[in-house]
Each structure stands twice: as structure tokens, then as C-alpha cells.
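Listed below are the structures to be examined.
Heads up, the next two complexes both have subunit A, just with different partners, subunit B and then subunit C.
What follows is the complex of A and B.
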């Protein structure tokens, strides 16, 4: 295992270089930040001056060389918009997003796994139908709609929970529930289908023939075998959540990285967009590595070489 | 996560204590965004309401939009390149430093020193010189009748932070220090900025005990917070929600005029049917704006005949809109050779145009189609729209835009769009260019007014645009506050008092 992990960690570097290459060329497609930094009455000469100050008037190969030089030293420059250090601005938003994503993941697993489990257990019965319908509903609801409905009900009318912002555990409840619904539904479906598959396998019949109790069959034999794909799913979704909770962050005024990246793209704030992409790429890569290791530990059939 | 929670204990305790008595005089504003930079030499670009709370400028606009003294008590023109300002005595910064002409010079020097984020707030200014302790001369490139008005953007920051004209905004972003009615307490990027009153403000300490700007990106959530008492102030209430706010028992709506003109300018410098004045006039005849205002905007707008609004220098009340006459429109189109209809490429952005702008565009397109004019609508993201108009100038021949008139003077808008070589000039008419040039570098206000007035007539004759309307601002204000709106749409809480 150790050599495998070591090799995976080494692979991180070329992967990151590839990501940053793509990001560099992509940032040029989103447009010129100079026009957005000057007031409306600015003359073309003013725009040219800003471009020169930002180094955007130089030929692309020169800009690229400078960019690579800085990235290698992990220097992501200063924000075009606020003049602050780009990486620090991104990192300052990260804890909020991590908090929200982890809370959502925990809720999704805590509700999704039992939901899928009981769906498989009571297959074909009314409860299963109900659970399947709820799952479909959960996957289909747009986050912003659900968020607003929860706000109106629990915040405005019942006054039980805060409407927006970050602060106490109470502030975390509604946004994490909103964010969890999509992932929860996917987990429930995956577990249910996986379990149904596994339950048809030979070794389950063997266990039953041996006289193992129903519950034990379910948990010790069936469930354990279904966990691997679920953990992989959670890992992938967690990575996506980190950058993609934009809608939920916007609705609940949650000061996370997703919304910050969107604003920076709108403002053509290249250094921040580049720093944020780097951070998210690192997190995604590492999360996947951890997930793979966990799966390997859980399932002896998985052998990495 | 724990560090984050631990860091919240102190402010939470403070809030608990505060809620027992002081809370009545706190003001919490729900804002779309905060500036994220608090550098006075970047003017009011980031977040006008936050900057105006912490900084004063040399001159200021009163709520009606008229020029008034501020840190400068008076000013006079010395020669074609020099304005002399008398600085108010006895003004101190939040850190105790004193305001004088030397400090103003430091600020002006920093303003004119090129830096990546401080592009052109005072672009006609070349420098400044101290005359005596409280008198300063500011030099301009050429005759500039508008410098005292432009000085409303010259925010003055503390001497210790502006001493180095080359420095970046980091120091100001961390802890901005000005002379304004509120001083900086704490900024949590992405969440809120908290200010407290400055007791020694030259115009009197504000009545509020704290002023917080909370970032709430979603407007429905802003409204939810307002009617639940979570915030005391929001902007951009849509007309159909006015009743909800007024009946909430906690807040009411305040309606005010604005200085923003909404319009559809035409390009004459690229090949298109719009190069024919009859097509442009046909478009003007084919739009029933009164109906759009009544039905789409619920009446919260005033139709305009020209982008120069009433009250602005050069406003000409004899210039009226083209009346709604679809038959005449068809006639003109036929004359121009488009009896079977004409197609025009049209750009707009959902981020430009304020209230229901997309619905307004769709209504206009519908009305025009009934006269045989088909608009191909292209919806652009904000940055791309700006790029196409000001950057590579590839915007389509008709596009939807909005202009804000500053200091009741049309120069900056008209020059930008109708001169030759201006940042967004798409007309290319030499006569217009000459008139604009004459008005810009002219110290005789009466003459300037006449030139702008004549320009309005010319614009109308040539149908250089389809003027739309001027929207009202609709704010949601807590019943605890007595707040006065400003015609320039900036939020100011220095004079806000409480009902009790």
C-alpha cells in the first residue's frame, strides 16, 4: 500500500501542472479585465494603461513564462480587483465551504444509507415506493428553490432558524440540508441497487443456508460489500461540493469559495481564479486518493499495484 | 473549524450584551456585495455606501444631486489649469491625525500616480501644490469646468496611509482610516463589515451606535431578512413586493427619483439597416413605452425623450419622444426599402438595465415585430457586454444600455458615446464632435447649456437612439429608521436618525 500511495502522491505534481496549463489558456477566453477595472467614462488610453500595469499587454509566450515562474514558487500574485494576495483570499473562504460541505456530506450519508438500506430490505412494499419517490424528488429539486422554501418556512414563518449568514450551528442547519438533498438521493439509490445486486449473490445464499440471522446477513455480509461504491461516490461528490456549492452559498449568504470564484470570474480577476483552481484541484486529487485507500482497506478484493 | 467557532465567542457575547439595550440604534444593511477594497484613491468604485461612511471627499453632492462643500469649504478658478480649494479647519481623521492642505496634496499625488488598480478616477488632474496650511491648488490638463464636481470622487485618506504614492491598497484594505461619520471596526471578507460612529465628525456624530453591511447575494433572502427584522435596510425592492414590505409591521418602502437613463443607442459606424435615419425613426415610432411602463414596470418609471434628464444642464423640454404610431413606422420602413420587414441584431445583458430589463426587452421586441422590425436578441454576460462596448467595440448595431448622470452635467456620458474616438463612440459625426468639444472645454455655463440643448434637438432629429425611461429607486427601510434617499442612488447613513 505504501509504495502505491507514494506513487500516487508523486503523480499529483504533473497533474497539477496540467491543470494550471489549462487554466492559463482558459483565463484568456473569459475576456479582458482591464475594461472592467476602469470607470465607464475612461478613455481608451486609460484602459491601455491598466493593461500595461497588469502585464496584459505583453505577448502570450512572455506572459506564460512569467506565469509558470510564479506558479512554481506557489506565488499566485495579487487580486486585480482588491489588490490583496490572491491565494490568501481564496484560502480565507475555504473553511466556510469545508464546514458546509462536510455537514452536507454527513447528513447525506446518515440519511441516505439507511434510506437505501430499507429500500432494499422492503423491496416492492409501500415503504420502498415511498422511499424511491422521495429519492426522485430529492434529486430533482433545484437547490435554490428548496433553500428559499426552507427559509420562508423555518426562518420567516416559524422563526426557528436564522435566515442567512454564517455563525452558529443553527446557521448551518438549513444550508447543509439544502446541499445534502442531491447527494443523499444519489447515495440512497446507489446503496439500494447495490444491495439488491449483492443480495442475489451466491455467498449470501451460503450465509443464509448456514443459518446466519437476517440482520447479520444484511449488515455483515451484504452491506459491507456495497460500501465501496458509496464511499467512492461520496468522495467524488465532496470534491464537487467544494467548488460547486455556489447556489446554496448564494441563497444562504454563506461566505464560501464557490461564490467567491464565480464573482472573480465575473470580474475577470485572473490571479484569484488561478489560485482557486489550484486549491480545488489539490483538494480533489487528495480526496480521491484518500477515498481509494479507504476502499482498498475495506475491500480485500481491491488490490493496487 | 474549532478555531473559527472559538473566534465567534467574543463577538457573540458582545452581541448578547449589546442586545440588551444598545441594539435599538444599530443599523444593519443587507447588501448585494461589499467592495472588498477600501482605498480612497479608487474613489467610490467598489462600494459607494461603505466608502461614503468611512471617508469624506473634497466636495460632495447633497441628496438632490447639487454640489456642496465638504472637506473643501470653497473653491475658485485661478487660471485655465488651476482650481484653488480652501480646506476646512478642525477636521480630524479617525486615528486623530489632522486634515490640512499638505494631507490633501498627499492624497492627490497618490491619485495621479499610475497604479494597476487606480486607473482614472481624476483623469483630468495632473497634480497639486500647497499654497498655505489650508489652501491647495489642483492642476488640470486643460480647462475643466467640472473639476469641483469631479472632486466629489476625491476621497481623502489618513496621511500615514497615503504617504507613499506607489503603495498598493493592502494597508487600506486591512484598516481604512478616513474622516467620515463612521470608523472601521471589523471586516470579515465575504460576510460583513462593521463600522461604529466617529464622535468627532466635523458634521456631527451619527445617531447610530453601529453600522453593519451584511452581504446577502440573493434578493429574496434580503427581503426575508428585512421583514423578519434581521436587517434594517435593503435596496431593489420589486414593485409587486411593495405591499408585502409595507404590511410586514417592521418595515416600509421608500421611493426616490434616480439619475439613471435607460436607452437603446444605435451604431452608425458599422454597416446595418440602422445607418438609415428612417429605420431609426421607425423604431422610435413603433414602441409604446407607456404601455411597457404601466404593465411591466408597474408604473415605477418615467418615460424620457433624451438621456439628458430634467434638472440636468442642457435639458431641453421642447425635445419630446416620438409618439407611438406603428402605421408611420411601417411607412418609413417602406420608404427606406424595407416594406417586407427588417432584421436587426440586438445585444443586451441581464445585468444591465435594472428592474425587469429582460422583460422590457422582450416587450419592445414584440412591439417592434408588429411593425415589421425583427430584433435578434443576444443575451450577454456582463463582462462580455462591457468588453464589446468599451473594449473591442464589437457590439451589435443596437444594444440596451443605461447611463448615470453625474453632478447634473451631461458631459461625461455624451462625450463617451457621441464624440469621435471616445471610449464607446459609435456615431462618428464631426458636427456633434465639435459641439461636444466646445462644451467640454468651456467655462461659460450658459453657453454650455445652450450647446447641450442644441445637441438634444439634433439627437432627436437624427433618432440616434431609442430613449426608454428613468426608473424610480425602491428601498425597504426598517420602521425604526428615518432615512433620506439620494438621487444618485448612493446609500448614506451619516444623517440617519431613529424613530423613538
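What follows is the complex of A and C.
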């Protein structure tokens, strides 16, 4: 078990280096931040001075080496815009994003799992067809648009819920529903299809032949076996969730990392873009690592060689 | 083949999808003959006219007008053309890239496979939207740039499936026989591997058309899409956002078209998957 975890942790390193390589070159191609930091009437000499102060006048390989050296110490430099350490600025916005993502994941699992179960139980009947159609419908909704429609309906017309910002539990309702929809649909779809696969397996037929009751077959044999693909999907969906947070947070003015990234791209605030991407990638990679380990424990067929 | 068609014809969800998609296809092909107005024509005296069925509506503007007095129906009809073009182009390009990468990894295995898997892991760990946003911020906004960005981020599902399927095929008797007969790798891939994995890839492609349309509208919504003179659904929707508090139609209507189109594509894709999947034959 421990060698397995250690090996998986080692495999994280090349992935992270790859992510940071992409981030470095992307941020460099976005544009020259020095131009944005000086007043419009600044002389070229002023721009050059700002570049020198930010270290932007050095050759790109030198900048990259320095960048990697700093990242190893988790130092992403100072924000060009608000004068604080980039990492600290990102981390201060992380709780808001985690709160939103967690709320969305809970909604998605609470509704998606039972929906998938019922689809598999009622396979081929009208109810299953209705559920399948709803799932595909859910996967088709543009989530920024859903956010706007919810704002129009619950915020503007009915005046039931706040439409922007963060604070009370009421503020959480519309953004988390918006963010949850796509994940909910994916979970319901996976559970249904996976359960149907498992229900067709030999060991289910054996259990039925032994005279095990329908409910017991379903819960003890089928459900237990389709647990690990679902957990794996939740992990992979987390990436979509964190990405979706960029849009959802900007629709609802939610003060999280997603909205902050969008603002920082617009301001060419490289250190913040780099730090935020690093944080999101680390969360994604570590969650999936933990999930793989949980799955390996749940499923004796997975060997940690 | 005929049994597949027969199964499709009996699948109400597939047929519903076709019904949703047909008008969109007609819009895309015949926009210049169908649209009642020029999508760029601004009639400032008719700014934010509500849809015809609502109080204050104007029958000449069935779905109302936007904040500059442009006909929403005409903009949406022209938008269908752009959205479908983007969806199909992205799927074609990313499908080719992903298949080539996945087959290479699965066929040769070893170090090549390890390297490609690391690249795939990197792409999975990276929020796609962030990559697309950053690249779009660099490139000049434009149709082909947008298509390239979406293709660059969309190849991963094809690569993963192509890799797994190729690896399985590598150990099957008829591929081993071809290797024993000293057939070249190119010949084995073309004659034995690709024909056997193409159906799963086509099914992914069907679902990905919808994903590409959603991604385009998301980028346009964030203001990083195509040039403003092409009326895409995402951009029309984004332009309506400023009037959200007193006019629901400029945001809601383009969104309904995105939703119905992607829903139609997903229904059709799902129907094709069911009809070709041997496990669902009962």
C-alpha cells in the first residue's frame, strides 16, 4: 500500500512540471504587463525601467530557470497589480471556491446517484427514458446561461434570492445549482450505465440462482461493485468543476479563485495567473490521487504492484 | 447496418434529437433566405422590443430586438451557421490529432506510451477553460483561431480511447498474424487497427460536437470569441447581459438555441451509441 502511494506521488511530479511549463509560456505570450502598468503617456524608457524592475528584460531561458527555482520554494512572486505575494492572494480566495465547489459536488451526488439508480432499476421503461433525456438535457445546458436565467427568474422576477456576492447560505443557492448541473448529469449517467453492466455480470446471475432476494442482489452485489467508477468520476469531474467555477464565479460575482484568474488574465498579472493555476492543478492531482487510493482499498481486483 | 437504422428509427429520444436539429441545419444552410432582417441592421427606435407574443411586442420582430435594435431572430439564425461550423471543424481537427496520438501510444507502447500518458495527465490536470482563455487572450480573436484553440484542448478524449482500444487490438490474433507476416506498422494501423476503433471514435465525436459548441459560447460569453461582426450565439447572449435586469429576451433566447442544439446533438449521439453498442441489444 505505502509503496503504491509513494509511486503515485512520484508520478505527480512530471505532471506538475508539465502544467507549470504550459503556464509559463502561456503567461509570456499574453502580452507585456509593463505596458499596462505605466500610464498611457509613459516614455519607452519608463516602460524599460518597469520591465527591469519586474525582471522582464532578461532572456526567457533565464526567466524560466528563475521561475522554476522560485516555484520549488512555492514563491510565485508579487502580484503586479495589488502588491501582495501572489500565492497569498490566491489562497485567500480559495475558501470561497472550495465552498462553492463542495456545495455543487454535494448537490450533484445527492441527486445524481439516486437518479442513476432509478434509471438502472427501471431500465427501458418510460421513467428510464425520461431520466436519460433529463440527463442529456442537463449536460446540454450552457452553465453561464443557466446562471443568468436563474438570476432573471429567482433574483429579478421573484426577488427570492440574492444574485451576486457571498455571505449567507442564500447567496450559495443559485451559484451552486448552476455549477452542479453538468456534474449531476454525468454522475447519473455513469451510475446507470455502470449498474447495468454489473447487473449483467456472471456473479449477479450466480447470486440470483442461489436465491438471494432482488433487493439484496442490488445493494450487496451490484451497488458495491459500481462504487469505485463513481468515485473516480467524481474526481475527474472536479477538474470540470474548478474550471466551471471560473464562469460561475464571474456570473455571480463570487469572490473566489476562478473570478480572480479571469481578472488577472485581463490585467496581465502573471504571478497571480501562475499561482492560481498551480493551486488548481495541485488540488485536482491530489484529489485524484486520494481517490485512486480509496478505490484501490475498495476494490481487491486492483493490485498495487 | 440496416438493423442499426431500424433500431434508430424506433428510438424516440434519437428521433426527438433529429427534430431539434433539423431546423437548426436549415437555418445554418439557408440563413440569408430565411432571416427576416439583416442581422447587423440597427433600428434604434425599436431598441429592446419584446418578443411578439409579449405585451409591447412587434410582429415584424418575432423574438424581439437587442439593445441596439437588431432583430434577435435573424441574429440567432445566422448564429446557427457559425456554431455548427465551429462544432464540426473542432471535432474533425481534434479527432484527427487525438486519434493519431492515441494510436501511436497504444501501438508502440513503452517509452512513447509513457511520455504520451504524462502529456495527457497534464492536460487533464489543467482546467481546459483556463488554457483556452489564455491562448485566446494572445491570439487575435477570429474564427480559425477559436477553432484551433478548441481543437488544441479537445483531443484528449479521442487519444485516451484510441490508446486503450489499440492496445487491446495489439494482442489480438489477426494483428499478431499481420506482424508475423512482416506487414509494416503503417499498414497494420491502417488496415487492422483504425477500422476496428473507428466506431468508438465516431461516437465520441458525436458527443464532442455539442461540447465544442458549448465551449465556443462560453468563450464568446467571456468576450474572448470571434470578431464582434460575426453574430455567434454566445456573443449575442453576452451583449444582452447588460439589460438583464429589465429585458429577459436578449440573454434567454440565444441560450435556448444553444441548449436545444446541444441537446439535439447529444440525443442523436446517444441514440447512435445505443444502436451500435452490442451490449444494448435485447
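By definition in this document, the second predicted complex is superposed on the first by the 291 of 305 C-alpha atoms of A that agree within 3 Å, B and C clash if a C-alpha of one lies under 4 Å from a C-alpha of the other, contacts with A are read in each partner's own complex, and residues count from 1 in each chain.
Keep this in mind: a residue touches a chain if its C-beta (ideal position, glycine included) is under 8 Å from a C-beta of that chain, and two chains touch if they have at least 3 such contacts.
Computed from a prediction, not measured in an experiment: that's the story for all the values here.
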item: Touched partner set for A:160, first subunit B, second subunit C, both or neither; value: neither
item: Partner chain(s) touched by A:6 [first = subunit B, second = subunit C, both, neither]; value: neither
item: First, second, both or neither for A:65, with subunit B first and subunit C second; value: neither
item: Partner chain in contact with A:95 - subunit B first, subunit C second, else both or neither; value: first
item: A:14 touches, of subunit B and subunit C: first, second, both or neither?; value: second
item: Subunit B versus subunit C as contact partner of A:201, first or second or both or neither; value: neither
item: First (subunit B), second (subunit C), both or neither touched by A:250; value: both
item: Subunit B versus subunit C as contact partner of A:151, first or second or both or neither; value: both
item: Which of subunit B and subunit C A:48 touches, first, second, both or neither; value: neither
item: Set of subunit A residues, in rising order, touched by both subunit B and subunit C; value: 30-31, 144, 148, 151-152, 156, 250, 266
item: Subunit B to subunit A touching residues, read off their complex; value: 1, 4, 8, 12, 33, 35-37, 39, 43, 45-46, 114-117, 119-121, 123, 168-170, 173, 188-192, 214-218, 220-221, 224-225, 227-228, 230, 381-384, 386-387, 390-391, 403, 412-413, 415-416, 421-423
item: Subunit C contact footprint on subunit A (complex, rising order); value: 11, 14-16, 18-19, 22, 26-27, 29-31, 124, 129, 132-133, 136-137, 139-142, 144-145, 148-149, 151-152, 156, 197, 200, 236, 239, 242-244, 246-247, 250, 261-262, 265-266, 273, 277, 280-281, 284-285
item: Partner subunit B, residues of subunit A touching it in the complex; value: 30-32, 34-44, 46-47, 49-50, 53-54, 78, 80-84, 89, 92-93, 95-96, 98-99, 144, 148, 151-152, 155-156, 159, 162-168, 250-253, 255-256, 259-260, 263, 266-268
item: Of all residues in subunit C, those that touch subunit A in their complex; value: 12-13, 16, 118-119, 121-122, 124-131, 133-135, 137-138, 210, 214, 217-218, 221-222, 234, 237, 241, 244-245, 248, 251-252, 255, 258-259, 262-263, 265-267, 270, 279, 282
